[in-house]
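Two complexes come next, and they have one chain in common, chain A, joined by chain B in the first and chain C in the second.
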Partner chain A sequence: MPAGWWLRKRHYFMYVVREFTALPMALWLLWLLFDIKSAGAGPAGFQPPRSTGFVIFSAVCLVFAMYHSWTFLKLAGVIIHLNVLDKPVPPRLIVFTMFALWALASIVIGAVLIGFGR
Partner chain B sequence: MSTDTRKRPAYAHLFWWFMFANGGGLAALVLPVHILVQGLLGPLGIVPVVDQHHDTWISVLGNPIVKLYLLVLISLPFFHFAHRLRYLLVDFGVHAAKSVPAQVIFYGGAVVVTLVTIWVLLTTAPISFG
Partner chain C sequence: MADKRITIQATRFDPEKDEKPHLQSYDIPFTDESMVVLDALNHIKSYVDGSLSYRWSCRMGICGSCGMMVNGTPKLTCSAFLRDYWPHKIVVEPLNNFPVIRDLVIDMEDFMHKLKSVKPWIIRKQEIPLGAGAHRQLPAQIEEFRQFSECINCMLCYSACPVYGLNDKFLGPAAIALARRYTLDSRDEGLKQRLPVIAEAEGVWECSFVGECSVVCPKGVDPAKAIQQSKLDTTLRFTLPYGNRD
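Entry: the complex of A and B
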């Protein structure tokens, strides 16, 4: 393929962005692992994540993570084939269910992360 | 000359696709809220968040269910990331990314992250049901 093929059409560009989302999400999860490890340093050595740089980093990662969620969950209607009472479940219902699950998981996990804070 | 036409199930292929699909699905369902709450709302002081204070963070990290959840949350998506980034390199003309050494590096990297995560979770906070 010629160099710069991914800049020739919007569709190609968005495909590359979709695949690239893996990198910022991986970096953020590595940071989470570091955050967990830093708790082992004890109360004196623990640095709570509050820096401006970290907030900007997280904001950028969030944009990519949201795009991953949007594109991945939309694909569920194409990938998942279910039959209920010998009738195929409409792809739109599967996609709706996945987005509802996303909302529910976000509420539950958000509530836990905030509820156990002080 | 005899030819064996029976096909064996591609268990290895099945395993990696399982890890790819579920890693991507898990990241899609739960990662944004972690980034939003732990990466933005907590650090900005908008809401209290569990990892903003050592006592709350270490207390939660001791829970075995939380340890298991964090292990899956951190490790599983890396199998998805490894696959996507490897094929992104192929799309950009890096054909070496298709090679066996490249597969070992990318998927082996995901295995290494899994092992490091297990080690961190087991050594950071003692297991506690409190």
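Entry: the complex of A and C
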């Protein structure tokens, strides 16, 4: 395989973009783990990053996370093969349910974080 | 129309003479709007250069033997129309990701071995005697596996799969789609014989869902779907209580 195989087709390129989005997210999560560990030392040890650069990096990570989640969840209808009362559940309903659960989980986690923040 | 012509550039490779494959150009008459790339190759072989080697058989998208790269995309040459490319030249190369034996002929040994490893036939714990009559299925039971049974083993999906291109140990799209076809068949009882191959790291788990296999399939099979469903099934069998039952 030539090194530039992923540039040959748009489909390959978008696949690589999708896979790449996981990398900045992983870095951001490592940072989060580091912050949680620092918080264990009490208020004195907790120094969350407030620089403009980190805010921009976080915003980019958020876009990547949303893109990764969207590309993954929209495929749920292809992957999940469910029968209810001997009838297959329509793929659209499965995708809708997945997005609804995603939205619900985001709201709950957001509420918990804001609650703890206060 | 009689003067219309088209240029075909075909890969030539003679392992006894050439160090590596190279392209050779042929300018041939484009006499009929229904001409396909395979017709062009047959014209070259019959009237221009009889030494050109390639596989073909049925000419109607059934046998799966005439798969080649047409302008960089894996296609059945019997269903790639010249009119879709004319007046531009057409580059015909052997399928990507396979060793080349000669010209446009690839070595399909690896695929045949993988296909056999998933036992793509109905396996019964106890055969039903012929005298017992037909083993009937409901239309809904046939629908479960019908699309996967359309696979014609043309290997276009392997050629489009960068995962297979990077790691030829990967079981690959068509073999997994056919394993899925038999797993979903209500008459089959062979899942446990196939699982050791399918559930391997280089079985379904090597796939990272590029999805190009399903895009290039000339028969509308969705191997990517078969692979992702198999991932979910094998996970549930492993994690759920009593999940690994027959």
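Operating definition for what follows: the second predicted complex is superposed on the first by the 117 of 118 C-alpha atoms of A that agree within 3 Å, B and C clash if a C-alpha of one lies under 4 Å from a C-alpha of the other, contacts with A are read in each partner's own complex, and residues count from 1 in each chain.
Keep in mind that, in the parts below, a residue touches a chain if its C-beta (ideal position, glycine included) is under 8 Å from a C-beta of that chain, and two chains touch if they have at least 3 such contacts.
Model, not experiment: these values are computed from the prediction.
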- Query: If you stack the two complexes on chain A, which partner ends up touching A:Phe54: first (chain B), second (chain C), both, or neither?
  - Reply: first
- Between chain B and chain C, which makes contact with more of the residues in chain A? B
- When the two structures are overlaid on chain A, which partner does A:His81 contact: first (chain B), second (chain C), both, or neither? second
- Once the shared chain is lined up, is A:Met1 touching chain B (first), chain C (second), both, or neither of them? both
- Message: Looking at A:Phe13 after the superposition, I want to know if it touches chain B, chain C, both of them or none. Which is it: first, second, both, neither?
- Response: neither
- Item | Interface residues of chain A shared between complexes with chain B and chain C | 1, 6, 19, 79
- Message: List the residues on chain B that touch chain A in their complex, please.
- Response: 21, 24-25, 27-45, 47-61, 70, 73-74, 77-78, 80-81, 84-85, 87-88, 91-93, 113, 116-117, 120-121, 123-125
- Interface residues, chain A side, partner chain C - complex: 1, 5-6, 8-9, 11-12, 15, 19, 75, 78-81, 86
- Message: Per the contact definition, I'd like the list of chain C residues that touch chain A in the complex.
- Response: 72, 97, 140, 162, 165-166, 208-212, 215, 222, 224-225, 228-229, 231-232
- Within their complex, state which residues of chain A touch chain B. 1, 3, 6, 16, 19-23, 25-26, 28-30, 32-33, 35-37, 39-40, 42-43, 46, 48-51, 54-55, 57-59, 61-62, 65-66, 68-69, 72-73, 79, 101-102, 105-106, 109-110, 112-114, 116-118
